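Structure first, commentary second.
Per-chain residue numbering starts at 1, and chain names A, B, C, D and E are given in the order in which the chains are listed.
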Amino acid sequence: MIESKLSIVDLTKRYAAGLDPAVDRLNMEVEEGHLVALLGPSGCGKTTTLRMVAGLMDPTAGSIVVDGKEITHTPVNKRGMGMVFQSYALFPHMNVEQNVGFGLQMRQVSKSEQQKRVASALDMVQLGHLAKRQPKELSGGQQQRIALARALVVEPTLLLLDEPLSNLDAKLRETMRTEIRSIQQRTRATTLFVTHDQDEALDMADRIAVMNGGLIEQFGSPTEVYERPRTRFVANFIGQANFLKARVVAEMGSAADGEIHYKVDVEGLGQFGAVGAPGMAGSTRELVIRPHRLRVGTEHGATDAIPGIIERISYTGDALSVGVRVADRTLNAQLLTSSGKLPRLGDAAYLSWDAQDAYLLPEAPESSAS
Amino acid sequence: MIESKLSIVDLTKRYAAGLDPAVDRLNMEVEEGHLVALLGPSGCGKTTTLRMVAGLMDPTAGSIVVDGKEITHTPVNKRGMGMVFQSYALFPHMNVEQNVGFGLQMRQVSKSEQQKRVASALDMVQLGHLAKRQPKELSGGQQQRIALARALVVEPTLLLLDEPLSNLDAKLRETMRTEIRSIQQRTRATTLFVTHDQDEALDMADRIAVMNGGLIEQFGSPTEVYERPRTRFVANFIGQANFLKARVVAEMGSAADGEIHYKVDVEGLGQFGAVGAPGMAGSTRELVIRPHRLRVGTEHGATDAIPGIIERISYTGDALSVGVRVADRTLNAQLLTSSGKLPRLGDAAYLSWDAQDAYLLPEAPESSAS
Amino acid sequence: MTTLKEPLQRPRLGAAEGELEQATTKRNRRTYLALLLPGLLGLVVSFVFPLAYMVRMSFNKGAPDGVIEETFTLDTYIQPLTDPYYWRVTLDTFQMGVTVGVLCVIVSYPVALFLARSTSKWRGLLIAIAIAPLLTSAVVRTYGWMVILGTNGLVNSTLADWGLIDTPLKLTNNMTGVTIGLVEIFMPYAILAMISGFGRLSPQLEEAAGSLGASKFKVFTRVTLPLSLPGILTAFLLVFVLSISTFITPRLLGGGSVQVLATEIYDQTTGLLNWPFAAALSVILLVLFGLIIAVYQRLTKKIGG
Amino acid sequence: GCGGGSGSAGTSNSSATSGEINLIAYAGVWQDQYNAAVIEPFKAKYPDIKINYSSKRSSAEMLSALQGQKNDPATDVAIMDNSVSTTGNTQGLFDKIDESAVPNLANVPEKFQDKSGFGPVVMLDAVGLLYDTATFPKAPESWDVLWDPAYAGRINVNAPPSLLGLSLTAITSKMEGEDYTQSIDKAVAKLKEMAPGVQTFAPNPDEYQNVITGQTVLGLGQNARGQFYSDQSNKKMGVTFPKEGTVYQINTVNLVKDAPNKAAAETFINYALSPEAQTAFAKALFYAPSVTNAELPAEVKDRVVPTDGSLNIVPLDVQFLSSARDKWTDTWKRQIITK
Amino acid sequence: MSEARLFKPRFNPAKPAFGILVFLLYLFLLAPLLIVFVVSFASNQYLSFPPEGFTFKWYEMLPEESTFMNGMRISLIVAVIVTVIVLALGVPAALALDRFEFKAKAAVQSFFLSPLLIPSIVLALGMVLLFGPLKLTNTYAGIIIGHIAITIPFVIRTTLMSLATTDTSCEAAARILGANSWTVFRRVTLPIIQPGVIAGGVIAFIVSFDEAVISLFVAESGLPTLPVQVLRYVENSADAAVAALSVILILISLAVVVIVERVMGLRKALR
């Protein structure tokens, strides 16, 4: 096993005695050089976790280990981490250069060395020409890069980013994503990145920790969490999903990556192929199918296609989202607008999918789930 | 021609003598029952237009006609419009019921009639059970629906919405979109809807007015503005686009909807098919191709496929966005993750597209455009 | 209309993220105590001690001509509380406070509304002008009113010149003069209190009411006024409190016939040298104050929310 | 007999001709004139003595200040109304005057000396009627004019505890034929009739300016200041003693008990009783001298209050007044002053 | 061509009427100051109206009027010292109130602001009673202590206001970058809240400089401050020297207000 850069062990934070813990026995191992996204809905404890790692907040229990050394109780100014705040938190009374140099000053780096490192950090974020500006004279994106430079110039053991992109507009956000990712890859700085935006996490992260209610629901690569969600929450939070309650009728053979091919029975719709972890036969599970993995045919082609009626169409430029009514439920499907003839409301539609696109959640379904 | 519900004629607003006009000779015809989105970047004059229609602001010039009657100078309280403000503007000192009933009171509707209509308006937004609540005791989405109910209960001649969704988080925003759209369709209220979110406009509107710098750049159905942008600005603002400067070599015959099939020559890449308005032969134009209309092949299949190298991949759940380097530029393409084998960085890729997916902008290219 | 985009209430930056130090650890407790202590000490010396000493003094016995007998008696309280004269003075004080408060609110409201709404680039200057008088001592402004309201003052001589009056109006040396002076003197306070109390009032709400069919008058009575009520109430309380505790203006403009608790306290101290009695009157004034503020705050909470 | 206790304050660097004196006395025009007529010449004569003048609006305020310093006096000399200084004497705030240190005391007639040897009278004045010379080309002869409805609303009267108000009470009592030491009921009834016509019971800036600026046409005032302001205003205002009589206003000069600079203080008191100081101040502010050897020019002598018995004086007993002041003040407030 | 179609906005009678009302109210508010201004140039010997002529004599009188000059000196000394002390006491307290969480916080905060709600005559009486026996009456110490109580709330308030509107993440950022608590305060917090601190200081200065009641009670005879002198002058004389003095004070105050409004916005400061 690879030696982790950062280990978080049973980290817990309870803000006040009576309250539920904001972070509840959280465990995580982060490899050197990785960018890990903490992803989850508002209030799930992402910021709390990050602040404990930074040392801005004492954990109620648990420990934080960096490079094999426990730092749970090291004061914040001794941890040598770099952090970029959501609001950037540039010092408004210092110019760009002074902002970036602040951390080096605190480390009593010599003047000339300071200058050199500040200059190279500014070059890295391509803002060398703005060294003398005041923060308020910069655009949002530029401020963001300065904050990044300020965090990186001290060569932090860990780089912590708290929703650094949520203040930006859509276009700039996309640019900054690419930028942060490429700077991170150049510096190989191990990074924790808080976000509540799925796309951001999928796009940028090496690993994603999907959090919910103070717990990590799943920790894995973007593809893993997207394609093989461990819980209904994860499936739902990361992209859209159709859920179907299904009884696993029989094993049909093994699929890739140690998964098993099953035959499942969906109430009212019939029997279909699906994949899932071993040992599910006989149980009732939830089947997850992403809307764009649903094939929408206009003719009754495949034998196991489900007949339905197009109930809703919405057009979002790159794709057409359709709601197809089958039996007592509506399934969402997504079509590329280039895929031939466009359907219209009320058209008959035939839904089908590949077995490996229908995934059985390891989690047992709630009784109320449809 | 259909009689318009709302006609805006040469509407102009200049905030102060020296300034450029915020809205500059704007013209628009809105059909009864339509939901029209005013879409454009920040500061393009959307709010200004809406406020003039509402009567909250006097136009500098031009006129506004509703149901054939000019109302340019009718005071706001005599126009009988309904408006939903970005921050909802619920009266904080009245409860939900009183808020919704306010407009009816102003119209001296009888008490019993008021009660009936308030109740049915609240039912329509499915918040009948919250009638006695204070606005501050409601969630953002609920407040929004109350604001909508308040505007709709007076059966307004026009419903005006100023970025009603921009305060909401992503999930709620999507729910509210559907909700507003369905309420609007049920009531058949002619609606003007201000937004700067392309998806929102494409998803909800019957017609989109894409605004820029006080002018309407294009007015048309979602499909029209997306598929057949009139200007580079529109193409770029609505969804992503690849632009290629192309010389139109020859007409190849007529395509659907009165368009012409052309053969075009893209510098350094070769000759391809494209469509556009008649009479372009011989000129230089810009070719717009949406990323998901680019086919990315792994083998040199089609004769006119352009060879390139995969330079960037990013994964956003439903789709894979790849940057393909061809000659001296990078083209963006989007692949569904289900479409077979996934490409890797550095792979060779062969780009091609259908002629009807490459659209020649009617606008002449700027000399600087690549 | 950039104001449209401003959220109605500015969120407390940082606090929501749990930035506040929990003063649970020893080190933190030491820090905040060290920070607080000098200020607390200063206030105890300059505020708590004098008040406490005054309360103690009010239980002493005051003989004529300034002799103080150290004892513990309630006489100093029994006298004012049983004497109808002091009841009248208290009532007059109260009445003056209410009158000044109401009038001050009435004349300040339009100015405050104007300033709260104004988007003009002169707004800063106009606000500065509105509160500049605050920074000029009340003595000077009272002096100005003496010139304006006197028998041969600006008002009377102007009215006489226009032939509107034969005999000068009696505008000074009575409650009228004191009221006019106090209303003006406390206007800046009222304006400031109102502007900051207009938090929930936004032009957008008025526009919303307009778009729902409300006429200008209805917009005012149904939206503007109810929403500015908290500001109005705060301003009223402030002016009330200030006007019943002032004595300079009643002295200078009252001509000896305006007797309120504050002038009574002043007379008892400097004229009659009855310190314990003055102290007792002060305590009574304080208690009155406390009661009114308590009642009022309960009231405001109900209305303001 | 206890004149030897001067060392207690410990400021021994003061002698009869050097050091400093802390004087407490009236403010305003009195201060200006006293400074010019007495203090400056004194300083010229004794260049090593510095005088710190602390001014008060009224004798009561002086008393209050002295009471405050009782245990550690910071004042040496006080010039104040004799009704108040008597209170001070009984409260033990003042010291007796040693005739050997203040030789000029000998020139003060018996009637102006304190019977127990405390501070003597230093100047005299009396209550007068102020009038606007435009309205009254001839000075009014009787206090009755205050009740004349023709002038209602244009009268200023200083209510007690001001000495002017106390004096008016005594005068009215006498006019109504009652003994004010027994009862003032009739006076109160009479004054109540006057009250509605009174423009102000606490004239501001003061009683004289009120008449001069035309705010009122009649007022109660001190003769001395009235004379002074009459000149200042080019005779826009006059002051007169009505025939029913008036009340003296007498100022005494007092040595504070345990005064820190007793020796210098005695030098000053001696100077204050000197003929040159008395004459100079009479010329400056029209106070009548209290010493027998002060010679006044005729035009000044005419305008200061006569001390030779030629004026009808309502005696106001000082001891009585100090006990009645609070009561009369209260009576005015409760019964006479109306809104 | 669009210019040809420009038209004037409709005439709205409500707007000018409201404007006139506001103008009249401003006139009322400023009336005493305006009149003082006029009177200060009037040659009338005594306070009266209308002015009889134009003169500078009242201004020329001022430098000679030793009571004013003396009062000005005392007031300045007091105000400067009060400002310094009150900033030293108030800023740390505000910091503790804003940046720390502790039990009695709300109570402590209202305690710090409570002197504003106590009638100043009551406070003044208490002070003179207490300071008499302690020999603090008529001393600088006495007035200064007296003024601390009434100025501290302003400093706390303005400082709290600017603390509340600053993003604490700047401080967190500095700490992460390796700064200790003192460095954070000196290099980050203080510079950021500087406008509030300055505004608080200026207000404390003006309040102390203009304060009449406490000064009157505590130090009338020994160290009469300018407002006390002015009060006395107004009570004793009817000439316009005080008007001239007031005009000068008004102009100074106005300049200060405009500057402070520029720096941070007095509205927030004086709430």
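Methods note: contacts are C-beta pairs under 8 Å (C-beta built on N, C-alpha and C of every residue); 3 or more make two chains touch, one makes a residue touch a chain.
Keep in mind that this is a model prediction, so the values were computed, not measured.
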Given chain B and chain E, the chains that contact each of them: A, C
Smallest count of steps, each to a touching chain, taking chain A to chain E: 1
Maximum centroid distance from chain A, chain identifier (CA atoms): D
Chain separated most widely from chain B, comparing mean CA positions: D
Computed distance of Cα centres, chain D from chain B, in Å: 91
Centroid distance [mean C-alpha coordinates] between chain C and chain B, Å: 54
Junction residues of chain E, two or more chains touched: 47-48, 167, 169, 172, 234-235
Residues of chain D touching at least two other chains: 57, 204, 213-214
Per-residue overlap in chain C, given as positions that touch at least 2 other chains: 13, 17, 19, 146, 150, 152, 216, 252, 269
In the complex with chain C, residue positions of chain D that touch it: 57-58, 60-61, 63-64, 67, 87, 91, 153-154, 158-159, 161, 199-204, 213-216, 322-323, 325-326, 329-330, 333-334, 337-339
Touching residues (chain side chain B, partner chain C) in the complex: 47, 51, 54-56, 75-83, 85-87, 89, 91-93, 102-103, 106-107, 134, 150-151, 154, 160
Contacting residues of chain A [partner chain B, same complex]: 42, 169-170, 178, 197-199, 202-203, 222-223, 226, 238-240, 290-293, 314-319, 334, 336-338, 354, 357
Interface residues, chain E side, partner chain C - complex: 14, 18, 21-22, 25-26, 28-36, 39, 47-50, 85-86, 88-90, 92-93, 95-97, 99-102, 108, 111-112, 114-115, 117-123, 125-131, 145-149, 152, 156, 164-169, 172, 181, 206, 210, 212-213, 217, 227, 230-231, 234-235, 242-243, 246, 249-250, 253-254, 256-258, 261-262, 265-268, 270-271
Touching residues on chain C, where the partner in the complex is chain D: 64-67, 85, 146, 150-152, 167, 170, 172-175, 251-259, 267, 269-274
